[in-house]
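Look at the two complexes coming up: chain A is in both, with chain B in one and chain C in the other.
Right after this comes the complex of A and B.
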């Protein structure tokens, strides 16, 4: 007796009652001959993910020789160079600063706005819908907008900050070492905080009302309820939002590319910009690939540490 | 310890009125059960007591003080919710001790009191577990321990047993009542289950469509229901109802319907010839060879200790409760009698007791 026949003969197997062609169609789902079904996905993964990754790794052990116009094997030279490359370490520092500051502000601000918008009063539905607006703008355009708005001559942000006395007369926000990174961060925070708000709102609105009512009766104040009930219940949602945004923020490219090109000096010179410049400006494909790989490895390490750390018991 | 008083309470959701002019007072230490079908306003009344719903009009007093505007956290009320409302992110011990944590009770004492409360409901070994690791009955106990540890003025229960299986429900009924007898805290308990109301209550408040139908002890509601609705709601199996008229044979009044002739108490003041609805509780219908009611036995339903006899009397369905050893046979004829003082007469129009 074949396995199929045995399975079909099994007590109450519903497939036994199906017509033969339908049974044949369903067979792959039962575990036999599953490959044809998986093939499209496997092929896509191979072409679009696995191959580029392997090629990138291969590339990091080679370098383009401009005069001979070919890739040549250079061993671990790229990796050794990277180790003593101050420019690389500098850009890593900028990337981490950007990463922690932007993520923290988006997280805190996102939660605060989400709590404010979590209401059934009339009008709040519209406010929540408006949140998606910043998300449909291409980041490069947002970068251009903030570049113009922070222009010391006619930019509205510069004007307001000068009027408030936060910055000096004609202070060029994006062209000063002290404020350029903050200027770039502003664009990111403006564009992506609503994303955090949307995720947090979805989380907040799906929370059961009873624990909150119970906590009220137990005598908890709104702050205590937030700290002991809302925040722990939202932990998984927060973790997902931080993970998604974290990966995005770490490899941020558009804003610096459009707004500062890494300057002034190296004050906004992030890792992805460095990789881009090595690869496409200096045609050092191997070195560019090496920097990207480091970026990937760092993201993997941070993300996995985070997932491990953020695991909840309840 | 506290009294709870409702004075002319009205509640509207938007323009929809769910409660009108309801007045009720609950004495200190009393176990009051709000009983009614879903939508009758019993849970709304409970949630208003807790402060989870606003009072549209009227006064709500706890211990003589008007609390309409007092937020829930300042009312000193403990509540057990229908779906327990445990804090999912806290262990059993943390759940129970949360109110103490809020009141800044020292950690050691918190621990001690949580352990005491947990032991009282038989959860001693589960203190470190999370709610999702517990069964429904255990969660229910955590919710109770959480309320007990509070030593609040008033305990509120919102259908706390409706998610449990029958056996556990009976056990928890007993435990909640015992708990009340031990602590003596004023308790308001909402249920749609008349058995819970009958077994636990000092006072039953039967509600219907946002108003109170009858307030009384379980015995009062069972023996002297004020209306056909109250009579029908209390008791299982439900009361039998027959439409007929009152007739007077000299000075001996009787209830007469097709195939039925029953003597009424002499003291009755209903005018002869009046149409009435007569109610008879199934256990009051007694098998009696000389009985005046003759019925055909359709089905004998065994419940263990006794038998529910489903009868057809002159084309009308009746249920009588008999002892299990009653010599009856499906399809056969049986004769039944009722003591005159066990008959309940209601006005066919208003449904009020006569």
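Right after this comes the complex of A and C.
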């Protein structure tokens, strides 16, 4: 090890070959201070997250006046409007319904499939690799795939569900209030359940074998082993997966945008989409900003509470 | 006992393959759609196995003429869906933002891994919290900011925000890879008189090469698949594949075959990349918090 270090120290000469301006740039990085290393990151994050956040807050106290073609200060009007806007409360309800249903199904299904695949059978490595493929498909294209497959006339999912009698003849899954949200959820569940599977599988494979051997000797049932040993040992893995997935489910936009645009009616309006449409479709710049701030505040509260109570650490 | 466990084993194998087949099916269906004529796409009941394969969709989307397998004359570059430049846009944006993201993140991650400064945990928490911001809450104000400074509809504008979007992932992931390199190496090199930059450049960086590659691949993929920022911050100057494919839904119907062809072209590079980083995938997906 000290040989490597000596080689490094001996290699001091090459940096002298660098042009003077570059050497000046690198000088702060030679000492024990952390700040020069962090500075570029901090600058980027300040410009592209903190500044837009402040701008958004400013925007929420203004509104675009179409006739005078300018932003005008309106005080707390947008925040008051929010309070009595039934479509906002509706979209809040859709967001939370989507959040809890999708996250629960992905968690349970992900754990079940992970337990199923946790084995050294030949070919299971290939199955794991196949499952990773869904994770890299652009969600907008996934939305398109499920739009095609759920078409009431020629979609393959519609065809199977109709043949099984689950839905009526020519029932438009994505164009009826009762099933549109389920149709969108299906795309999310298909694409991201493998995310849970892969993380849980890695967790299961790294568990120590001793507690399981001891429990088997004591004659514990598989259910008991799962509840008393697997779950507690997997706690951190589950918490991290739920946190990361939860953040993305809560701020989901792509699927509804390409599959339903919030419709039919308002049955698939999630907060993100409602904010986006207020800003860019209805030219309510201030109101859209206000709604997007609400979704930001909610997600920060929920995620930080979860981090605190689940004791997730990086 | 043995008969019982053998049948259970067989049951598990069958169940595992069936479940994965269920997950692969939509992918299979989409890929085959890219090779179907309109007649087969609109078939009822849907044609899953039997259809006349055609390259027409790829020819139309990429404006090239693929001689073999052609059933009818296609005008190269014709049609409303000439998308080859959009693939190029996707590559430029993903590549540019990956380079920027990985560079900044590597510097910061080294400091977070090596210097025990005050407020380090708070700093990591802050970086993580930027990962929680809903894209829409950033895209809306950024649209107005970009409009004022002239970054709307430019490569630079999209590359910058995609880099920022990937920074939390890249920083936390690179930190976890640097944490794997023993600190004693740095310490003994310092005793030998090497500067921090030299240790970073000559010792730690080469030892974390695999980690950097994995981080870069994930950044590339997340930029490649991103939707909201491109949708909001570009108009006609550039469009990446996910956004442009959603524009295939027109008032006269959806060009499913063309869309599927473009979708397949967009998936292939991502599939290749993801299979390259299988070993670091879970660490990457969990932002470095779980090591395999």
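The definition used in the following text is that the second predicted complex is superposed on the first by the 276 of 314 C-alpha atoms of A that agree within 3 Å, B and C clash if a C-alpha of one lies under 4 Å from a C-alpha of the other, contacts with A are read in each partner's own complex, and residues count from 1 in each chain.
Criterion: a contact is a pair of C-beta atoms (placed from the backbone, for glycine too) under 8 Å apart; a residue touches a chain by one contact, two chains touch by 3 or more.
None of these values were measured; they are calculated from a predicted model.
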When the two structures are overlaid on chain A, which partner does A:228 contact: first (chain B), second (chain C), both, or neither?
first
Thinking of the overlay built on chain A, is A:152 touched by chain B (first), by chain C (second), by both, or by neither?
neither
Quick check on the superposed pair: does A:215 touch chain B, chain C, both, or neither? Answer first, second, both or neither.
first
Determine, for the superposed model, which of the two partners chain B and chain C contacts more residues of chain A.
C
Which of chain B and chain C A:134 touches, first, second, both or neither
second
Once the complexes are superposed, what residues of chain A are shared between the chain B interface and the chain C interface?
312-314
Could you please specify the touching residues of chain C with respect to chain A in the complex?
9, 12-13, 15-17, 19-20, 23-24, 26-27, 29-30, 33, 41-46, 48, 104-105, 107-108, 110-112, 115, 117, 120, 123-145, 160-161, 163-164, 167, 171-172, 182, 184-185, 188-189, 191-203, 221, 224-228, 231-232, 241-243, 245-246, 248-249, 254, 256, 259-260, 263, 266-267, 270-271, 273-275, 278, 281-282, 285-290, 292
Quick check on the complex: what are the chain A residues that touch chain B?
208, 210-211, 213-221, 224, 228-229, 232-233, 235, 312-314
Residue set of chain A touching chain C in the complex reads 1-2, 4-9, 11-12, 15, 26, 29-34, 37-38, 40-41, 44-45, 48-49, 51-53, 55-56, 59, 113, 116-117, 119, 121, 123-124, 127, 129-141, 143-149, 153-156, 159, 190, 193-195, 198-199, 202-203, 206, 236-237, 240-241, 244, 247, 250-251, 253-254, 257-258, 271-273, 275-276, 279-280, 285, 288-289, 292-293, 295-296, 299-300, 303-304, 312-314
In their shared complex, chain A is touched by residues of chain B numbered 50-52, 71-75, 77-79, 81, 83-90, 98-99, 101-103, 130-132, 146, 150
